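Same chain, two partners: chain A is paired with chain B first, then with chain C.
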Partner chain A sequence: MDFGILSIIIFLPMFVAFTTLILPFGAKGTRNAAFLTSIVIFALVSSVYYNFELTGFLQFREHYTWISSYGINYSLGIDGFSLIILMLIATLIPSAYLWLWEGRTKGYWISMLLIQTGITGTLFSQDLILFYFFWEAMLLPVFMIIGMFGTGNRVFSTIKVTVFTIMGSLFMLISILYLGVSFFNEYGFWSFSLNDIVQINNLTRTEEIWLFFGFMIAFAIKIPLFPFHTWLLQTYSNSPTGGVFLLSSIMAKLGVYGIVRFVMPIFPELYKEFAPIFVWIGIFGLIYFGIAAMMQVNIKKMFAYSSASHLGFIVTGIFSLNVFGMTGAAFLIIAHAMATGGLFLLVGKMEYDLGIKAIPALGGIAKKAPIFTVFFGIMLLCIVGLPGTNGFVSEFLIILGAFGFSPTAGIVSAFTVLIAASFMLWMFQRAILSDSGNDVSKMTDLNKKEILGMLPLAFLIIAMGIYPDWFFYKIEPTIQHYLLDILQIRN
Partner chain B sequence: MDNFLLAWIVLVPLLSSLILGTMYLYSIKVTKIPNIVFSMFALTAPFISFVLGVSFFFRLLENSDVIIYRAYKWLSVDGYDIDMGFMADQLSIFMVLFITFVGGLIHIYASGYMKDDDGYGKFFFYFNLFLASMLLLVLANSPIIMFIGWEGVGVCSYLLISYYYQDSENVKAGNKAFIANRVGDLGFIIAMITMFYYAGSNGFDYINLELGMANVPVEVLSFIGLALLIGAIGKSAQIPLFVWLPDAMAGPTPVSALIHAATMVTAGVYMVARFHFLYDMIPNVGLFIAYIGAFSALFAAIIATKQTDIKKILAYSTMSQLGYMFIAVGLGGYSAGIFHVFTHAFFKALLFMGAGAVIVALHHEQNIFKMGGMRRKTPLVYFTMLIATLAIAGIPPFAGFFSKDEILLTAFGSGEYFIWIIGVITAVLTAYYMFRLLFVVFHGSNYKENRELHSLSKNMTMPLVILAIGSILAGFIGVPLLLGGQNYIGIWLEILNSKALHVEHSIELYLMGLNILAAVIGLLIAYKKFFNYDMSKVPEYTGLIWNKFYIDEIYDRIFVDKLKKLSIFISYKLDINFIDKIVMGISNGFIRSGNVVARLQSANTRMYAFSMLMGISVISTYLIIVMR
Partner chain C sequence: MIDFIYVLPLFFVGLGAISLMIVSTFKSVTIRKGSITTLVFLSMAFISNLYNLNTGDEVYSHYPFIDIFNKMIIVDTYASYFSTILILGAILTILIGIHYFEKHKEFTVEFFSLFLFSVFGMMLLVHANELISAFVALEIASISLYVMIGFEKVISKRIEASYRYLVLGSLAGVFFLLGTSFVYGATGTTTIGTIGDMSLNTFATNMNLLIIGGTMILITFLFKIAAFPFQNWAIDVYSGAPLPVTAYMAATFKAAIFGFVLRLFIVDFDLIRDFWDDALVYVIILTLAYGSFLAIIQKSLKRMLVASSIVHTGYLLIAFTSISALGESGASSIIFYLVAYFLSAVGAFGLIAYISSDDHLRITYDDFRGFAKIRPYMAAMLSIFMLSLAGIPSTIGFIGKFYIFTGAIEAGNTILAVVGIIATFISVYYYFKLIAIMYFYRSAEMTNVPPLKGVAPVVIAFIALAIIWGGVGNTLVAYFPGVDLLIDMAKLSYESLFVG
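Entry: the complex of A and B
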């Protein structure tokens, strides 16, 4: 069985993880191996990106029968939507590693490597069982990281996030199995391949609705959508930097990805029918979480709410049923991952140096750490959606999309320009700029590695804001394919 | 031809700012870079942009066709292209000329004003970034590119207002400016999106939008016009979004001169003039704009009469003068509005810079009643400030007279007598509070006779002289025909199709006389009350006007407090006690039925993670076998 490039991208980190586990690598050795791996993967992903053709169909396909009697296949492939998320992941991970460089244990690095395998596996899977397998495999090491390396009431956090996730996962698993059985009943053989599952015709409307929400609950928890967000605060606040970075900038986006990859093609009619619900849940979340963020004292909790606010907006975009909203959502996935990821790394450093998460106990950081402040400012302006950053391009497109869906939705969603600005600037004033007499003398400015890690994020935020089209053309055919072929919407 | 140079008008200050920013970080982290190096990069930028602007001015003089340069395809979705495009027409180039000219002078002034500041490089980094944004705003060929500049201006003003960021009050002022501007931006975005769907099918640049709007129902056009207006009000500090402007004086004085007088706040007026094709079709909305302008003008003038902080007086006078500009553009007198933008840029920059010079000389004293007698100490500043005050008060032949006269004529000629009366009353007040400032600061008996004055460098005084000359001459580009002049500005801005006025010459002459009379009345009252003011007693102001009609407090009560309460309710009550309980309750029930609850509550994370995986595997296997 010769593996294709996607398989290498998936399994290289796992291979490195097991190798370092067995061989007598220390923490440093494991870290260096992990970093090297992430660079190699970045190179591989770049070549995939470069060779990706401008169509909306799956590319780089790999298909092997795994468990033939149950029709479970090892089936991989990517389209434009997965491609940009892949590129995002490949860019973010080496940056994060540079930030996590010092003071982590061997177990931490092995967990990180395994997470990377889980994430890319989830992203490439074109078989429902395989997807489910990677989806769970990705979560396990995250819980390990939070449980073992987190702060505060971390056991509670872990249990809570797990209880939520297990609930969602079970709904999804039952839905997947139900779909498999239905396929068997209709066609007489087993298959969980997405290509086959979408051919099912024998479901009643009630069955379809149940299954639709079975998937949606799993993804809604992961994203999180209102009202499944309450696990978020504890978890983000108590997670170690690496964990919260992965959760916020990558895994939350995989929830959105799951909706687009599976829910949309399997239930295209319901997707259209229920779109208004999700457009409005998204907009509601945008405003609700935005307001909730304002008075948060804990800076990580504030970012958790801020994150949820934007993810709601992404969901609005993908359910807007037009090309503007959906491309905007794809763009916001990237923009938000870079900015939030960057912010969590920066805040993680602040927490590490000072041991403080409370905004009123901070202040005067700008004077101590100017380079830190510059990067913080860039990420913040991206979240705020300032033109010249990719945050603006994506927000503008989603508002356009929402307006195309319904003018009321468009006008209400335009309030996004006020929401993030209000709490972000206030936080920036109190936590970073103003000197409030707190002792922040232990705060250090960024070192060379940290600058190196932050530069690609800052560069992309601005480059994608000034020249968005250069990043757009790869994904647009895919979105057109979704709309024209899958959802059958003609403009 | 050389159309790409249009982009360089924006790029030069942008590149200069990026270089300055990098150099600044290098300077604080590695080795100190002397100020002169920063100055070199900083001061050349507006100069080069000005020269480029002049070259385009002459091209337009030869051939009046619009010059467009499309740098690249900014965004292309669904076959719909939006270019990073620049447009030079009579309006945009006119704006470029005085922005870069006045901006350049303020740069020179700032190089003196800021010379002892640690953040010299950072200051000019922001300054040139601001300049680049403003130029992009003006030169953009579509609303969305304009919006990039528009917001850039907003964020730079935030950075510059909170320049002394260690004091939280300054940052609060910056936040306020940013948020108030963002409320405006909300309107701008809604307007853009509505335009996009209703009028943008052929393209999103101004030329295509103008064509596209021909068939749009008037209700939609009114909606767009009103939403855009919110944006304009936010930027130009008109009622009800003006609260940020007085607080914005927290920034260094050159910032006030550049942003809050000569450039940024005029963006709203520019926007209305730029969308003249829209507002021509919806005169009712235009009238609404004029009323907002009139009330803002009067309101700000009233507050200004009782302020004691020299910069706040000027801030309110800016708001008041902007009100005049809104009257003009609202009533279709676009060229009159832009004319006042132009003359105002000179005398207001001069007023701020003069005020800054006094403030520096008196070691950062800003209360006018603690100044006094500055005429003898700083004669040059006095003389130039006098010219600026005469100009803003509307005394002929100084610059403000001609532009203000044209605006009031527009109001009268349009039959909007109520607006016209407000305009005249405001003119009286303007002359009053400006001469009050001048008399108290420069004539009043010395507050403290023997204090040491901080010396003023040439960099700070030379721009004052140039701007004083400008404040004398700038009005002559729009001398009414009545006085045997030629309204060059009206001719140059012909493309805006400003409303033609039909007022009889005799009436026009009467009106002109009345305007002069109004200014003189204001001057005389100020003379009587403040010319020989006894500086030993600082007046105690109280009451409604001194407290700015309590607008800030009202906003705090209505919006800020409510929002904070709601935020606390959501994040500390609703989420924790209600939503979490429900969702957790359901999920606990769900898991309990799965019969793994004993293990789950063992609180052993690793055990737990393991059992989760096992549980899922077992359930999967079970289901697969059962369903076989």
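Entry: the complex of A and C
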């Protein structure tokens, strides 16, 4: 059999992980192999990006039978929305590897490789059981990386996040099985393929609502949406840098992706019906987590909340039911992943050098580490939404989308974006710029590898902010397809 | 002659049991020789059984020596499938346990004779087509087990476990006999199949008597698989038994019991099965709840595994109530899940048995602190078993659960599926706790770890691979059975119940 390019992208990291596990590679050898793998994958993904045609339909499809008696298939494909997340993953991971270059053990690198397999597999799956398979399998390396390499009360944190996430996904599993059985009852053969599942007509409204929320709980926990965020704080602050980087910049986005990929086409009517609730939950999350972030002393915890706050905003965007909001959400997924991912890497370095995370104990870093400060500033301004960064473009679009949804939502969200600006800039001033008299002499500036790792992120943040059209045209047909064909909204 | 081929597996196991009993008086027969002889007989049984099983896509049903036994024994795809599981279970138990048996001085060659007798009893049970023969088979298996549990007679908790199981097990057996007499009173027969035919004739048959009889038999069944409210013996007996015996009981014996009861309830009690459904719903919920509760509070790993086996009984019962006209996958999901659970449990118990036999004793969770550093290979295997028991994707345990819950939803038991999911969710806690303890802590002792030796590590690795392959495997690799084949096989064996 011949594997397609998507399968290679999924399984190459896993293959490398197991090869290095079995062969006597040291930590360095494993790291080099991992980095090489991420570069190869970047090249493969670039070719996928280049060859992607401008339609809203699935491309690069692969299809093999897996469990034929239940119609479960190994079925892959991507559309514009998956494409941008894929491109994001492929860009972020080599950058992160450059940052994690020194002082990690072999187990760390193997976990990172396995996580990459899990996330790309989740992203490509077009079969519900296959999706669930990757969705859960992705959890194991995360469990290991936090538990083995985390800080603080790492064991408790990792069990907590695992139990939470599995709880959510088990509800999703029940919903998936129920859909499969309904499909069988209606059509007389088994299938869990997304294309087939969307054709189910025999569900009552009550059933649909239950199933809808079965899916939504899984995704809401992953994102996390208010009120499913209780795992967030501990996990983010106790995770090792690599783990928190992947959790915040990529895995959280997969929750959003899941909503768009599965909930929207399977329950289009309920999606529209419940949209107001989720728009407001999103805006509420933006405010709630924003205020929570403002209160934090620990810089990592502050970013954890700020990340959740923006994810709330992304959810507002995807439920706004118009082209602005959805495009903005897709754009914010990228912008936020780069900025937050970058910030977590930078803070990870600061923590490593100084051993502290509390804002009052910092200060005066700008003098010690000017390049660090420049990059920190770029990422931060992107989160704040300064014009000229892609953060601005995406936030602007979502606010437009929220206006289109309801003027009140638009006005509220426009104002609440200011919260992020306030706490971020305040933190920047206290922790980095001002001279507080604290001893930060151990802080070093970025080395060449770290600069090299940060450059693509910074470049993209600015390039996408100045000329967003380069990036819009790939995803636009997909968004149109979602709105016109799936949700059947014409405005 | 063809009849003889059909009973060859039974014959080999029985022959092995008797010949080991005879030679066990000789000093020159060591434990090692005894276990190898056992393996030889079991392998012969396995091969001849594969011959019975391997009929392509055809299902069959046959009564060997019908003029002697008069339909007391049946050989069909279903029974052969179960025999395969049982013999395989026995082989794996011996292979993993051989190290344990050699290290513990109390074991003698008689143990292997008893072991083969219990295998013989279990196989006879799944081949039984008549209630009295089933009872005899059940008792052959049980009595051998009573002795096997108490075999290390210097340890008092073994004796206690053995005695407790003997008393309670006999009591449960009495219910079976009483039930049988009620069934006989109602229908005038004890042959499976004929009972079903008689129950169709509602004028001639006293349905109430039949239901009472069925209930009695159900009680024995629930006792033997340790379902609520008959679960209390399980923890003490299972954890009092030597570890290889525990593994054998938890995985293999359960399969044998299900093998017989499924046949009885599907073929004979088809009409009246709905009568128990409501009661069984409560039994299931309580079994899952109580089992989960017990599993959470245990400090000893062995007791946790035993308590969690009660939870797995609950999952199997979910599938048991889902056998109905609506859901065709109920029965085959039990058959599949038994294989899934059997592999994971034999692996987990066997691994612990192996490492406790010469390493220093590992009993509680805390004894496994930093185990991954000391024995990375064993820790990885144990993690795979835990993941499979928890039903995490990429293991056979996930496919088993998928199958059971799909069957439950198909039969309209969505509530039960949700309850099962909640129990699964709780189980993540106590299974992942072990993984966390093995990997995330440093160990106090690092000194002179004895190297792994013997055949057990290889067998354990083989089981772990089978678990992974059962979770992801497909038919892409030619001539190698994947998940698909296992599911089809389970379906075929279910269909063979309705042939002839």
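Here is the rule we go by: the second predicted complex is superposed on the first by the 489 of 491 C-alpha atoms of A that agree within 3 Å, B and C clash if a C-alpha of one lies under 4 Å from a C-alpha of the other, contacts with A are read in each partner's own complex, and residues count from 1 in each chain.
Throughout what follows, contacts are C-beta pairs under 8 Å (C-beta built on N, C-alpha and C of every residue); 3 or more make two chains touch, one makes a residue touch a chain.
Source: prediction; values computed, not measured.
In the superposition on chain A, A:Val163 makes contact with both chain B and chain C. Of the two partner chains, neither chain B nor chain C is touched by A:Leu23. Judged by the touch definition given at the top, the superposed model places A:Leu455 against neither chain B nor chain C.
Contacts of A:Leu433 after superposition: chain B is touched, whereas chain C is not reached. Between chain B and chain C, it is B that contacts the larger number of residues in chain A. Looking at the shared chain after the overlay, A:Ile8 reaches neither chain B nor chain C.
Touch criterion met: A:Trp66 reaches chain C, while chain B stays clear of it. With both structures placed on the common chain, the touch criterion links A:Leu36 to neither chain B nor chain C. Residues 70, 136, 140, 143-144, 147-148, 154-155, 158-159, 162-163, 166-167, 170, 173-174, 177, 180-181 of chain A lie at the contact with chain B in one complex and at the contact with chain C in the other. The touching residues of chain C, counted against chain A in their complex, run 387, 392-394, 398-399, 402, 405-406, 409-410, 414, 417-418, 421-422, 424-425, 428-429, 432-433, 435-436, 439-441, 474-476, 483-484, 487-488, 491. Against chain C, the residues of chain A that register as touching in their complex are 1, 64-70, 74, 129, 132-134, 136-137, 139-140, 143-144, 147-148, 154-155, 158-159, 162-163, 166-167, 170-171, 173-174, 177-178, 180-181, 184.
The touching residues of chain B, when paired with chain A in their complex, are 25, 28-29, 72-78, 84, 144, 147-148, 150-152, 155, 158, 162, 165-168, 171-172, 174-175, 178-179, 182-183, 185-186, 189-190, 193-194, 196-197, 563-564, 566-568, 570-572, 575-576, 579-580, 582-584, 586-588, 590-591, 594, 600, 603, 605-606, 608-609, 612-613, 615-616, 619-620, 623-624, 627.
Those residues of chain A that touch chain B in the complex are listed here as 70, 136, 140, 143-144, 147-148, 154-155, 158-160, 162-164, 166-167, 169-170, 173-174, 177, 180-181, 227-230, 233, 288, 291-296, 301, 305, 323-324, 327, 364, 366-367, 370-371, 374, 381, 386-388, 392-393, 396-397, 399-400, 403-404, 407, 410-411, 414-415, 417-418, 421-422, 425-426, 428-430, 433-436, 445, 467-469, 472-473, 476, 480, 491.
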